[in-house]
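Input: one structure, supplied below.
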C-alpha cells in the first residue's frame, strides 16, 4: 500500500506561508516605491515566519524596491544571520527587525524612508521627538480608541553601527513605565513601524506617513 | 406548462442595482486610496439603494479601501443597523450617511480623509469654517451657476459619539433659513459630501479636495 | 460592372481622422485627470478637423475626463454650434477653441484646470499676468530657441459670458505689435494653450504646468 | 559542409546589448515622465554600448519621454555624431553624455528636468552650489559609506552652446584635487548623473531627486 503525504504537512505549510509572505512584501515594495517611500534602494521590509524559533523573512541588502522578486529575500534567525548559505546578504538593519519581532511581538516590520519622515526626523532630533494630537487618524494605530489622544513620535540618532541602536530600541520597548509603541523615527533616515501581521503594519505605515505629511505641511503655514 | 421568472422581477432588479453600486464603490475606493484620501482604513462610502424604506449599501468597519471586495459592504436600514445578520459590522459613522440620505435626499454619500481637508478642518475649527470664493471650480457643485459665488465650508467638532454629531448635522440640513448644502468637514477628520448619485458625489469630492488643496497651498505663500 | 469605393475617399479619410482625434483626446483626458488637471468635470479639449470650413472635435459639456468615450464629443462649426443634431451639447467654452483655431492657426486646443494654474491666475490677476524667465523649459514652447527668454503669462478676468472673453482673446491674438502667443490663464479658472497638432498642444500643457508649479513653489521659499 | 554562425558572435551580442539598453531606457522614460521629471520632451538618457571605441545609445532630440520607442534612439561616437545616417538627430546635449562616458567612466548617463532640481539650481546659482549633509540617503551614492557625509551639489551656468559646458564639466571631472563626482545641476535646467550601469544611474537619480525635494521642502519651513 502506498504512503501518501498531505500537502499540509509541517514543512509544506511553512513553505506556503513563506511564499505568501514573499508575495505580500513584493506587492508592498511596489506600492511604497510608487509613493516615493523607498527610493534609491532604501528601506526594508519583513514578515516574521515564526517567533519560536525566530525566523524572519526580510529583504536582502540594496535591492530596488519597485521590482522585488523572490531572490531578493533572506530568512534570518534571532541573531540576524541567514539560516542557509543559499541566501543573499540581509539588510544592514536586520537587527532592528529582530528586536521588533522579539520585544514588541511584531508579526511584520516595515521601514520607510519618506521625504516628510526624513525631514521631521531631522528637524526635531534635538527634542528627541514631537507630539501629534487631536487627529482622528491616530485611532488607526492599534489600541488607540479616540482622536482625543496624544502620540509622541520618538526620534533616535542615526548610526552606522546598528547593534547599538537595536539595544537602545530594545530598552525603550521593554521600558516598564512608558514603553515605546507602534514605531519610531531614526534621524535623517525614516520610520520603523510594525503590526501583528503585514496588513496591520501597512496600516501603521499609511497612518504615520499621513500624519508626517500633515504635520510637515502645517509647518509651512503661518 | 412551466412558469418562467423574468430576470427583471423586483428582487432581481434590486440585486443588480446592489451589484452595480458595490462595483462603483470598489472602483471609488481604488481611486481615492490612490489619491491618499483614504489611508489607514479611514473614510467610508455608501450608495442609497432605496429611500422608502431606507436601504443603504455602505462599507464595513475598518477595511483597506485600496482593495475592497463585495464582502466589505453592509446594507443598513434607517437606524444604521444591518438588515441581515450575514453582514459584517458597518462603519462607525453610518448614522452620518443615514442623515444625508434622509434629510439631504442624497443618492450616494462619500467621506474622504485627505491631508489638506484634515489640515484645514483643524486650522479653522475655532471659526467653525472658512469661505472659498471666486473660483470657477465652485460651479461644479450642484446648483451653483457662477464662479462669482461664495461657499462657506462648515466645520463640526469631532466626537467619538456619532449619534450626537448626526443630530447636529441633521439640524443644519433642515435649517429653514440657511441650510447646510453639498458637504461639511469634521475637525481633524475630513470631508463628508454627497450627490443624487455616485457620479455626482464623486464630482463633489473632486471639487472639494481641489479647493482644499488650492486654499491650503495659498496659505503657504506670502 | 460593379463600382468599387476606395476606403480612402474623402469622407472615409475624414472619418478616420475623427476617430484618431477622438482616441487621442480620450487618452489625453486620462492623463490629465490622473495629474489632477481636470477634476470635477472641469476643462475641455479639442482637435481641429479642418480649418476651411472650420470643423472642431470638442468635448461635450460636463463630462468626467477620466473616462471619456466617443459619445462625449461633438463636432462644431465656426460659430461653435454642433454640425449635427445627433451630438450632445458642446462645452460652454467652445468659442475659445474656435478663436484659437481661426486666429492662432491651432490644430489642437487644450484647457487644463490645475491647482497651481488656478492659484497663480488669482494671485496675479490684478497685474494681469506674471513673467517667467531664465528657464530651459521655456525652449519647449514653439518658436523659443533659448532659455535666456522671458515669457509673460497673460491673465484674463473670468466671466460667465464666453463670447465677450472670446472677443478679447481674439483681439490679443491679432494684435499687430505684441500678439498673444502660446496660451493664457483665466482668473480662478486655469490655462488655455494650443499647438499645430495634439502632440504640440500636450507639450505646451506640460511646459506651462511645470512652470506654474515651479513658480508657485518658489513663492513659498523665503 | 555548411558553416554555421553562432548567435553569440560579436555583432549579434552587440545587437542584443543594444536592444536591452533600448528597452531599459524606454522603461526609464515611462517612470521618469510619470514622476514629472521629463515633461515637455525635456531631459535625455543614454547607455554606453562600448568605451573603446566610444559608442553611446542616446535619446533623439525632442521626443516625448512617456512613450519612447526604438525609433527614438541614436548611436553616437566620441564626437557625439551618429555612426549611421539612418539615425535621427541626437539630443542637443549629447556631448555631456560623451564627457561622462569618457572622463567619469560612466556606463549610463541620465538627465532629469524636475521641478525641485530646477528650482534649487536657480536659487543657489550665485553660490555655484549647495551642501547636503547628515542624511542616510547619501549612502546610496556609489562610494559613500556613512550618513555623516557631506555632499556639495555643484551648479553650472546654463548655455545654448553645449561644447563650452562640456569642456567645463570635463575639467571638473579631471580635477586632480577635488574632482566632480556623481552628478551636477545646470542652472534652470536640471540634473545630470550617471553610474557604472543603468541600474546605478537610476539609483542616483532617485537619490538626488529625493534629496532635492527634501531640501526644497525644508526651505518652506521656518
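Order of writing sets the labels: A, B, C and D. Residues in every chain begin at 1.
One rule holds for everything that comes next: a residue touches a chain if its C-beta (ideal position, glycine included) is under 8 Å from a C-beta of that chain, and two chains touch if they have at least 3 such contacts.
Computed from a prediction, not measured in an experiment: that's the story for all the values here.
Student: Considering chain C as a copy of chain D, what rotation angle in degrees (nearest 5) results from a C-alpha superposition of the former onto the latter?
Tutor: The superposition gives an angle of 90 degrees.
Student: I'd like the Å distance between the centres of chain A and chain D, where a centre is the mean of that chain's Cα atoms.
Tutor: Spacing between the chain centres: roughly 33 Å.
Student: Can you compute the centre-to-centre distance for chain A and chain C, using the mean CA position of each chain? Integer Å is fine.
Tutor: Between these chains, centre-to-centre, one finds 47 Å.
Student: If I count partner chains per residue in chain D, which residues reach a count of at least 2?
Tutor: Expected reply: 220.
Student: Is the chain-to-chain touch network here best called a line, a ring, a star, complete, or other?
Tutor: ring
Student: Sort out for me which residues of chain D touch chain C in the complex.
Tutor: Answer in residue numbers: 36, 39-42, 64, 113, 115-116, 118-119, 122-123, 158, 160, 186-190, 216, 219-220.
Student: Quick one: in the complex, what on chain D touches chain A?
Tutor: Residues of chain D touching chain A: 134-137, 140, 145-148, 199, 202-204, 206-207, 209-210, 213-214, 217-218, 220-222.
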